[in-house]
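Chain IDs A, B, C and D follow the sequence of writing; residue 1 opens each chain.
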């Protein structure tokens, strides 16, 4: 099984394309793996708590977290998670972390363990703008990747874990009326399918 | 008949999505109008010369020029054409204009005559990022819009004329591997279809 | 005499570097010309009305309007003024124009009449990032340039007229804490002095 | 003593403002500390080798590395160094690393040990655009910060270490003629002086 997570909407966003994709791909099969799609809360404690419970409950072969990054123009394959919470805006519980650790006493960073170069090659071959990113930010996205990698590491699991950031969807930018990059929702879903295909094959 | 023009590739671009859309929609019907799709050369004299010949030959009810604008994140509905050629790069004939007039003695500018607010409303309702732009640049795109509006004005025609700039396609940005905004080719074609539908209805 | 205008703050801006420069250079001499520095209101009617009164009262040899353009990274030498008011935000009187003419029945555009290439060369030689811009926007800056060029044209005057857009000042971006380009206030003042020197010499 | 390092020019850059600042501040006193200004090579092995020799030779109380980051609009106070070399362009020896470790077997990351919040507050109070950055990239800048933090950590030293990225200088953008953010060289030097003052006081 591959665990695929999206996030609920946050900040000024009414929707979150990562949520829609997690729902759309729930139950889909890639190679030998069935996808379990889950939507995580944008909450400084609950997101990590739900991940801990999910890891216990379903023991996936791989975990792909997906989130939203306003301002980015391409699919971002996150290379690393930092042990930092430094929120530019409050989470959905109204909490705004400043220079806190994701896990007190945890190491400064973990590298994602998905085959990012293979994923990038597959996306590029498929005509999807993508790149390997060296910062997942310091909000819930980074924190969730850190928390999961820490859980997997501490438990001695071999679960591969990664994070993909999506641009705003075309519909979000159309509605907002601002000059920000976007990606069409069907293209983003196709991109995540490509990522899952590569992950399932390795 | 509605004349729909795209441009051939130019500069470092191997393809031009405006060319592909002009070819794809050639012969399509919108309301009472059949689309005539034509690809214009990126040439400081030939583009305008071909437009003059086309206007004589087919007398369209409306003209929609489509071009490519690297760096823009949304469909740009051009409001105005300036009587300026100031090329940042050479055209496909190797010519690089500097502060020349498109038409010597012509007025400083013409406004496009398509119903831009209606087009913008239709695109936004359809979830396509779009805006009304106040500069079509000073390259072939602006020059072609100026030339056509000048021809129509001098001939006393009532032909409505407009210009739409497209972002880079997703495939172009994927291949280039740079952090530039893009739009998926099918979404761009759908956008031009929406523009044509509004134009045909008015 | 050279008339140098800045604008009062507007929108969310607490200050306006164009105001500060107009005040700082008031009374300064460039070649044979003394600068008259004036601060214009960000008001859909009053800005143009004050310009009309000033033109009558002081009959300057040249007019340099200066304004603020958030998001631009370089000094922008505006090439053209459009006969369009299309405000993204309300002016300081709370008025938000939508697709109105600056001057009903006026021509679509006027070109600025300062020697922009000479100004650009002087700024570049002086190490100041600058460029010739093809859109002054559709807010008060464009409107003021249009109004002044129209007044000068209708009166048959030979007064040379131009507009320079400034980036946000370093202090504004420091205070705002956002990733926007800026320019240091002393560098911007030096840039305007360079513009005035070129204008005074021609 | 405080060790202040800049880098030589690299890629298409003819100059490097970090080099100029390291030279200009060499010998300057901040509090009890004299600055030793050094220019490092943009070389995948030599930069770290020179740092190792310098640490041995001068045993500084603090180390401030300064580098250049085209495209950034503000002074970037780097939070973290990753154990990754992934060069977008070759270094000055013509070497282009792809997904290598800075130090084989080293930890994924080190956090910088300068008081970044105090530095940010001082810069902001001084009107200098600045922010705390979560990625120093994956080129020589990140690598040098990683190498130094690793050396200090392995040696059990208490030397505080940090990295500041500068925007392009105004002169560089003026010469290049491109729409990129810049900062005036005197403002950047003043910013580094402010950083050194805070570092010297803590």
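Side notes on the structure shown:
By our rule, contacts are C-beta pairs under 8 Å (C-beta built on N, C-alpha and C of every residue); 3 or more make two chains touch, one makes a residue touch a chain.
Please read these numbers as outputs of a predicted model, since none were measured by experiment.
Sharing over half of its contact pairs with B-C by residue number, the repeated interface among C-D, A-D or A-B is A-D.
Farthest from chain B, judged by the mean position of CA atoms in each chain, is D.
The geometric centre of chain B is 46 Å away from that of chain D, both derived from CA atoms.
Centres computed as Cα averages put chain A at a distance of 38 Å from chain B. A straight line joining the Cα centres of chain C and chain D is 38 Å long.
Annotation for chain B: no residues touch 2 or more other chains. Chain contacts in this assembly form a single closed ring in which each chain touches exactly two others.
Listing the residues of chain D that touch chain C in their complex gives 72-74, 123-124, 126-131, 170-171, 173-175, 177, 179-184, 186-187. Taken in their complex, chain C has these residues touching chain B: 79-80, 82, 84, 86, 99, 107-111, 117, 132, 134-135, 137-138.
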